[in-house]
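Letters are used for the chains, namely A, B, C, D, E and F, taken in the order the chains are written, and counting of residues starts over at 1 for each.
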């Protein structure tokens, strides 16, 4: 089962915004083509990648001309080899040319995120630890990137500030300690996960005693992570975070933590090289 | 004189969208702090960078609490060294914590683009060639990225499909050749730049004769570029494009072309590492 | 600490919509008053109530004339007696008259919800069980009503379909049982509460074994609730639901369940009677 | 002929807003069902009611999946008996489950208003007096509620401040009396009804002489109402208002007034109990 | 007392739309001025006119820079002579230049409408007949033009299809005659003016008997108008319409009709010539 | 090939706004017709005109009822004779009547602009000079009017402040002369036309030397225009502007300038008289 897409209205809005910034008051160049001129084209990828962004690509052309035909060869999450055909398109030339760059910008960006997520998941290897993203995302593209992360095989941490509670130093200090902070959090909102950021095993013990459902272990050494797992791993969920790299992922995963989170998969981006080739 | 910012309404919209995706129906964790609790903090950068994004950062906090005070130490386009302080903030703790991630996401992204643009400009070195961006941008962030490109010292190609005409293979074929395509373009819209994409010196000669104001020289060799400059460089503007890298920039610039354009500075992203540190 | 308000932009949107439907292309009657005519007035309540809606009331007049002065005598959550003065207003007569009905509509509605929530909380009495609302709300006013529920002393269940998972019969059947449904839910989204709706102690045992964090006990008898608490109350959270009335609340609470949820406090409404009295 | 629905764009906006507050960034639970899983269901009502809200119910599912089939058994304004089937639905399970609560919230609310309106109309009994609503409505749902009122057999007073003039004490005082106030109103806007609120027969005489088209008789006794009708009922329309209850409606109607208005039918709400039952 | 302005939100929206179409992604030319450069200027008019549009002019500059100072010499409805100074402006040069054309476009358009309305009112001369506008307006500018009409001394017919009922041939035929059409109209909506379009004295008699509040006399001769006034002028309001010109206005008014309506004052436009002069 | 329409989303927005201002909360009169009543009608023109506005007319009815049938007899840019049939319509009576005025308002306005543009083009006569519009347009209708101008056979100057640079007195003074102003403009934005407003041949020489691509010759005499053409006409484009009338157009064109621009074709408006006739 492929990951759940964001709501259609969000995808529509993402695309409408991107088209508006590219089209402004109209595509001056496409206007030079005869109104009914037809064109065929296909999208190919020029490098290995995990594909992501089909719904945004489709929506781009749908907003310009619902009569264009798109024949997909791949689905989100598929592994692509160089020169694989992704999609074949046919229809009126004007909307095809007007939407080309916007549509490609979406798939080059989202496939870029899915591809790096897959690289991290592969580096982590099999085991129980799950790779999570963070809120370090490209402004305006969070839901799209969170979806791309899942297409790459990783998992989502909270979407935003509204769907889980993460108690950090400031919140804990204001509440007078971990225990009262967790209690206040439970009082505030009963139906969300409560996680506490801890910087030592002592704080982890407190978070556990306070009834936190998860602890974010900030910059723990491998030895500390192993101890955390052995002492508290049955009682609450443990999430390793801080300076995780492709090189260290496997050994962090081997400590037995339940989750590893990293901002690198969404805040950096290596766009995938796609190209729209017109038929002769 | 610093580059011109996008219109305030665009910056407001960029920020409103980013805050909406992070805040949803409210920041559950910040709600745990007393409503009037105060906090001081400063933003530092953890690596060398060209700074960009001040207006988006400010707007983020302005939308949450116009009473927060921000004391800036830098301006867009400034060069930052590791651990430089970027800004000092003070005010109510809730909006400060609620806006932290969104505000940082903007400056880490836009400074990332400005920094890579500067690296390309530095690699190009002094001379007459100007580095241009393209329309390969992060969906929804085009105007912001185009501004960051200018902060990095490079220049903007057209903003979108509406403010210049770029005649490519399809348009030329539909019009029956370069000359009729340029003529049609001039007829369509008198007040915009008309550029023709050419793949050979023969096509360049045609574009020149047709009265094009600029030619995009697609994947020309260095020798071809030099010949283009010597034969046509006085008659129309020449823009080199295609597989430009940091390594080849200087020698492409040395051919005498007026512009070099590359999608790499806006489609990839290495976010800059900023951190919000709270005062003790 | 008073409950956290919805984001300011939501309150602004609630008010803008309500003003638009009342004002249309302008208040024809207020236009008859001299533009600079001044007026003083006070809002009184005509029956006992829990007050709620101050931010919406203020925003209504702020959108019409930010120069109006409002002097509040009460805060959200306060208990009002008949004829208590809620707020004194002064300023230009036109915006005061144009906003009167819209502003009153908000406080009569939200105080109505807060007041009934308090009645239910009082009926439940002291003890460990918390009263929760549901998603049975007035269309377009969910966040406002959820806030009013907290002002009345009750708690919020999930805000919508996006911030917690509630597995019902259909989901369980599709997944092939409670255990695979819970496993799929955990796989889908790690950072949210997972609750299972159960109709018998057997199903409750399954949900507990599957690792659900909470169970919604649908239409359990008091005896069943007591047994559920004694067998599973230490392992997962228990929520009683179904045909809860003011008369049965106390005895349901006495069974030891952690939560009791009811749609009655938000789907029905007895508006509170407020009046805006102008000074002589 | 059934009452005229509000414009389609308003219904779309009502529904889009309600879906947005329920769905947020997506229905986490529905995502667990296979994307193509099918479901059949029917909506039944569990208590006697006047039905209202079909267009909002339909629009909810249309926005989620236009391919769902809805087979209606009733129309707006129909009288429902307990367990009557209202509508049968079939199609993909995900949108059916995602829209269930939002769609039901609309019909439970609007049928609630239509049902109470019918109770008041029935209590008023046959005769010439018409029952009118007021502007005391649920914020954001005015047009929908005004439509429900008509489905219940009552009539609409003005929609808002923009489509009729109602001169109250403040306007009259500012104008220097009823006659100059009516004259100013006629001067301001020629194409709307002008009504004057009066508190005595003397004021009613003034309003009549001034050329008002209707008078709102505020808190008149039955004797006063009868005298108003006999003296002025041929010259202008008379509307009784103030503390009208189900018990007093018939005798107020019997006085011969043309209209009786009450806020009770729209400001309070007893939601009707509907249920979506899935087929085995 | 000057006419009532449309709601501030409408004026804001009119201006935001006009600025957006002029500014797009930014004023390229104004960007060449130093950010803090200051400028003074004054608006003068170059021909006789009735002024209208101050609120739109102000709002234009307010959206660009609230710190600009505007010193007004005139008010809406004032009579201007050539070279009169309308307003003096001072502040930052960039927003002044960016807003110049948009601000002038509003006052040249709205003063154009106010000026022609005044010419028609003057041609009508003193007497009881009022000059009314119609719904033949510039798309998107109806409320603004209706306001300008009042500034010129004329009056507004209905704003749109929603605030009065005008029964024409099709409605009457569908209802089976004037009497049933008026009855249906009264049943549909009690709080609005009901007007019937008639083409003969016979139809006027029917409309009068049916209880219509006003009749639109379509293309009546002067003799017919006089007869209509003498027979029915005490019983319902009479509005002359159809091919009214400046030359015929006075004699139509002299027939005694209550209203004369014409589309000419809003569908045609002779913009007034304003100029923004910068100080030396 | 007919001129390129503005983007569909702009036309949709133009129409949605116009319908909203006419329909408000609903067409009270159309509601009196049976919901399924059918009607046929045709639009005729009552005076000679150049037709423009088909897309806006169609969109008006599409938003009200996509099932209406429209059978067009003309295209944008066609020459109409009095009583020509423009379009035949058939379908449900309610949407036909509700959309009539809004649809006609668009074609009467846009055909008015196209017709006057054609009159100016005809007056200019054959030759090389092109007639250009300006930014003096009806607020909110710029793109629509710019399209109408092209339908009339004239050409568009820049759309707004964002797609070309026009250096006027203030910009030149701030930059310290024409040469530095042009240099700054080229530095600011490489991909747009740079035009300089000049008031003498000396300034024109400076603009030419500075590399401006076009000069706006403000209020030049015919002799000055001829001299400008002979001295500089090969080096840059020349645009005559200022007090151009129908009478002077031909002789200005005969001077050999490339462009003549005038605000008169868009700031004034003589609406064309169209009528919707219903079939018997």
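Note that in this section a residue touches a chain if its C-beta (ideal position, glycine included) is under 8 Å from a C-beta of that chain, and two chains touch if they have at least 3 such contacts.
Please read these numbers as outputs of a predicted model, since none were measured by experiment.
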Any chain touching subunit B and subunit C at once appears in the list A, D, E, F
Shared touch partners for subunit E + subunit F come out as A, B, C, D
For the interface formed by B-C, which of the candidate pairs C-E, E-F or A-C is equivalent, sharing more than half of the contact pairs by residue number? C-E
Longest centre-to-centre distance from subunit B, chain (CA-based): D
Distance between the CA centroids of subunit B and subunit D (whole Å) is 53
For the pair subunit D and subunit F, the C-alpha centroid-to-centroid distance in angstrom is 45
As a quick test, compute the distance in whole Å between the mean CA positions of subunit B and subunit F. 33
Residue numbers of subunit B (touch at least two other chains): 4, 21, 23-26, 31, 34, 143, 159, 162-164, 188-189, 192
Touching subunit B in the complex: which residues of subunit D? 21, 24-25
Residues of subunit E that touch subunit D when the two form their complex: 4, 130, 132, 155-159, 162-164, 188-193, 195, 213, 259
Report the residues of subunit A in contact with subunit F in the complex, numbered from low to high. 16, 20, 23-26, 31, 34-35, 63
Residue ranges of subunit C touching subunit B (in the complex, touch as defined): 1-2, 4-7, 9-10, 143, 159, 162-163
Contacts from subunit A onto subunit B in the complex sit at residues 14-15, 17-18, 21-34, 37, 39, 56, 93, 97-98, 101-102, 104-106, 108-109, 112, 135-143, 159-171, 174-175, 181, 184-185, 188-189, 192, 267-271, 278
